[in-house]
Amino acid sequence: MTDLLSMLANRADADPGQGLHDFAASLFPICRSITGDGVRQTLARLGERLPLEVVEVPSGTPVLDWTVPSEWNICDAYIRDAAGRKVVDFREHNLHVVNYSIPVRAKLPLTELKKHLFSLPDHPAWIPYRTSYYQESWGFCLTHRQLESLADGEYEVCIDSTLQAGSLTYGECVLPGTSDEEVLVSCHVCHPSLANDNLSGIVVAAALAELLRGTAHRFTYRFLFIPGTIGAITWLARNHDAVGRIRHGLVLTCVGDSGGFHYKKSRRGGAEIDRATAHILHHQSEGAKILDFSPYGYDERQYCSPGYDLPVGCLMRSVWGTFPEYHTSADNLDFLKAEALAESLQVCAGIFDVIENNHTYRNLKPHGEPQLGKRNLYRSVGGTNPKQIMLARLWVLNLSDGTNSLLDIAERSGLPFNEIRHAAESLMNADLLIPTISPERTTL
Amino acid sequence: MTDLLSMLANRADADPGQGLHDFAASLFPICRSITGDGVRQTLARLGERLPLEVVEVPSGTPVLDWTVPSEWNICDAYIRDAAGRKVVDFREHNLHVVNYSIPVRAKLPLTELKKHLFSLPDHPAWIPYRTSYYQESWGFCLTHRQLESLADGEYEVCIDSTLQAGSLTYGECVLPGTSDEEVLVSCHVCHPSLANDNLSGIVVAAALAELLRGTAHRFTYRFLFIPGTIGAITWLARNHDAVGRIRHGLVLTCVGDSGGFHYKKSRRGGAEIDRATAHILHHQSEGAKILDFSPYGYDERQYCSPGYDLPVGCLMRSVWGTFPEYHTSADNLDFLKAEALAESLQVCAGIFDVIENNHTYRNLKPHGEPQLGKRNLYRSVGGTNPKQIMLARLWVLNLSDGTNSLLDIAERSGLPFNEIRHAAESLMNADLLIPTISPERTTL
Amino acid sequence: MTDLLSMLANRADADPGQGLHDFAASLFPICRSITGDGVRQTLARLGERLPLEVVEVPSGTPVLDWTVPSEWNICDAYIRDAAGRKVVDFREHNLHVVNYSIPVRAKLPLTELKKHLFSLPDHPAWIPYRTSYYQESWGFCLTHRQLESLADGEYEVCIDSTLQAGSLTYGECVLPGTSDEEVLVSCHVCHPSLANDNLSGIVVAAALAELLRGTAHRFTYRFLFIPGTIGAITWLARNHDAVGRIRHGLVLTCVGDSGGFHYKKSRRGGAEIDRATAHILHHQSEGAKILDFSPYGYDERQYCSPGYDLPVGCLMRSVWGTFPEYHTSADNLDFLKAEALAESLQVCAGIFDVIENNHTYRNLKPHGEPQLGKRNLYRSVGGTNPKQIMLARLWVLNLSDGTNSLLDIAERSGLPFNEIRHAAESLMNADLLIPTISPERTTL
């Protein structure tokens, strides 16, 4: 009986969120992109914790409507002023270079240079994050204060990067369950030093995988650590069979800031993952908001494209693009909160507890109420809320006619899924309930 | 054409509610329980008014998952203090004894006695109501003031009760209609001197039965006067055929206090009885509330168990358990209001008027509007609200395509069912409408 | 690609509303009724602008449940006081005579005359509008001030009217499209000098027809200029085949006052015309209200009778009967606003743009997002709102699985239909989308 929430509650670590934050901190300095050594280094760290298969797909490989791009790597980049001082230095912050900038070495007057400089006038102390994946160009990002302090004159620019045939790299961690039906957990690993938008999803997904490794589970879990868009497209192009086995899925992103939860539903809108997540957020996290699907966002865009239409939603705390720190140097390790990461892990655990245990039962004494008193199941019950425990039993008995799953019952009764699940267990133990189909025998 | 509301309006009695209250008053002193002579006495009084079949089911009879219990009767009970004074006396109020207390004669010090005493510290002048049906024990209920006035010392307790093989008793009044499809009206008769929770349902159900006896009706009505839970279970166990004929049903309870109406929907949620009751309450009683089904409450729990799933809801004024007088001596004849009982009867009459007359018709001139003017059906109409009368006719003509019942039309138009029904009658008389199926020929 | 809104926007006329108002002004003085020369004169004016077939149906012809009535015409009518002065004169205002008054020449004392006089005490300067179509009688309408100024004494009344065998006249303008599926636009032409209630619908319908004549369109459009009720019934009785081809329809009435829009849904409630109109009003006109169907109102009553159940709604600005000027002389050319007429025409154009272009497409690259960047369809777009343009493309791609029409997509995305339509066009041009069925080949 998978019970991830109890496992989390019973764990020894005094502060589980701190462990997540520490892992994020160790990944923070790496200069990731959609290809290149930054992704490989990140996956290497994940591989120390998880059974991770690292996949390399050569540049030029056709993937669905796209082509795997050239691989980008970077050693150094800077702008020197006329006096030879580095006024912008990639080694100080990897956001200083427009991601995927082609190599350049040149001397330019400030007016020419400025065409390649990006800053945020509204947040003069922050460096913006910019990319140029699919059109060859180069540029530097800097704080607006830096920009304004640049005197007229000639500048030397150097971007010591390579953009050439190589491969796209992604990591895949598969945890087999008793069934070959799959749950997909996907997060992107393509952002350089950005914490909430990138690392929060990675560390929570990794912790979830570690948690699942420690217990029996029904579903096979597949964790994807992939570059955004092109990574998801590459994976989809290469995994036709696995796609057909996906029953539920979550994209994890921006799950580390202190904002309230937001869940963006799958294209289907009423998929079990949508209902399970809404249920858990309703009961576990006050003020959470459920958003309708839209075809813009993270890799749910790909998983929910009409040819796949997978039941994959996107779990966030603050919604990308709505907080000012998004895609700037202010999305840093201070912006990431240990307790927020821990809570996100708990929510995911709650969701997968629902998915794992959402069976449908049949009441074996469906005519009238069975006499719970003689079975010590009526009132004479322990627990912190004996009335709720009894109510949950009555709801499970009443609705278990073979058509209502435990999640259906939890939704209709307004009681938490866990209470309903425990009621079903006690009724099973009293031979009042049987599952309609042995879930272990579920195959495709 | 069944028209219970008109029958009620045209009755001679100046104050119909007073008659209901008087009947309740005559039943109030009887010490009822789930078995025993109190139920028999109550049914005897009902039998003076209604054609009542009284059924005795022997102790030990298996009924669904339950067993008919031993029969309980009581003659006397008291507590005497050291001076020989009765400090608690069953003959003063039958709530003083825990219902189903086993016989006891003993002398006890106050400390021991207190383990068997129950009071309400928050309502120090009220006696609580307690039962001990399914575990053998004994006890006294008393006001908190009584409890606090007990001096230390030895007390003599006497409960002159019997708990032995006998039978469970219930009453059944069947009023045959033109169809053998049935409407079930069920109320519990197992509470001792409690007025709203017990007697209000009994007297309203009895008055409804008397009303129906005085007119032709389509459905066969079955009124059950039964002990709660075990009575419903016993009846269900013994009446498989009748169960299959039930088309609509109401549990009546707590219909005599001055609170607003509450209707708890059947498990099905959208059954005709649910819609009819919601419609009548909406039009007849301001502020009524419709509650979703839950598997806790009165005998709708049994009728709506998944093996039966009968379309049976529960009509209440104040909801049991939510008013302080509930299950105390304050639920007495003062708490019961004549006008509230009369209004409850009216609501039931309105509901059964809907159920009886909710036919589906077909417009015989469905192409364009028939010319109502030449039939004297357009505007040139009497009544207190000629515009509403005409609107009702247009609605009935427009929606009577053989798929909409009169209740469907009432709901969509927002007009009262009675207005819609009268419109259908006038259109029938003008040969503009025919019923889709002769309701008289409806059989199972 | 039908684009009526662009055609309207690109038209030369500086003030399109003024043209509509001028046309209404030219029709205002004509004394129309449900039959007679007033209708013929009105249709003759329409025939100068549109290819109009004028149909005459003889009195006495049975039409559905009705009979075409005798034809009514009027030359003159007045009331003279004892001094021979005309105190009420039809030639001053055609509302002065109760429409369909039988001929009369008589002398009457004031007390007798008053039985035939109608005024509005609450609006003493306005003349009411009254009819007496289906019972033979006569009367005069006058301002309450006129009524009060009448001195006792004898009066001479003259109504120089004829009510005799003739015909009912209506006009029909059919604009063939590539498909023989039809769109019905219906307005009544039976009111005398009333502007909003009558002329507003006529002039907007005529302008719509003129607009449609200037462009290719898919549907065949049928404009009916008919007497209310009996005209619709007559047309329905005679056009069984055309009725079967109607796919969408609008009744236009009261579309010229300065109030906000109201759309009354068809009996079906969720017909495409209902959704298209709600969508356009939501995006084009703030504060518009959508009303549920009811079987009372204009000729949607006939089109939505159960034997036809056509998807025909009713577009209004202020709802008939809810503004004080309704059916009085105050519903005049001042009450009719040029800009309101122009806006009503725009709304109709928007609605028919939706109806014409609401195709269903299939995404030819449904697996993952197609790479829009390489097709210059991602961000690198012009327009006033590039982000909305890109979003519209993503929505169309995501939902175009062959089951969602463009209107479905507009509704779900919350984007205006036009944006969705343009997105579909650009995706078609990029070979990313094909229609599921060539709409040109749609036949019945």
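When the chains are written out, they are named A, B and C in that same order, and each has its own residue count from 1.
Throughout what follows, a contact is a pair of C-beta atoms (placed from the backbone, for glycine too) under 8 Å apart; a residue touches a chain by one contact, two chains touch by 3 or more.
Computed from a predicted model, the values in this text were never measured in an experiment.
K.L.:
Could you tell me which chains are in contact with chain A and with chain C alike?
P.N.:
B
K.L.:
Would the interface of chain B with chain C count as same or different, where same needs over half of all numbers used to appear in both copies?
P.N.:
Different: when the shared numbers are divided by all numbers used, the fraction is under half.
K.L.:
When the C-alpha atoms of chain B and chain C are each averaged to a single point, how far apart are the two points in Å?
P.N.:
The computed centroid separation for chain B versus chain C comes out at 54 Å.
K.L.:
Would you give the residues of chain C that are in contact with at least 2 other chains, written as numbers and ranges?
P.N.:
Residues: none.
K.L.:
In their complex, what parts of chain A are in touch with chain B?
P.N.:
Spelled out, the residues of chain A in touch with chain B are 363, 365-371, 373-374, 391, 394-395, 397-401, 413.
K.L.:
With touch defined as at the start, can you tell me which chain B residues reach chain A in the complex?
P.N.:
My answer: residues 64-66, 134-135, 229, 232-233, 236-237, 267, 294-296, 301-302, 304-309.
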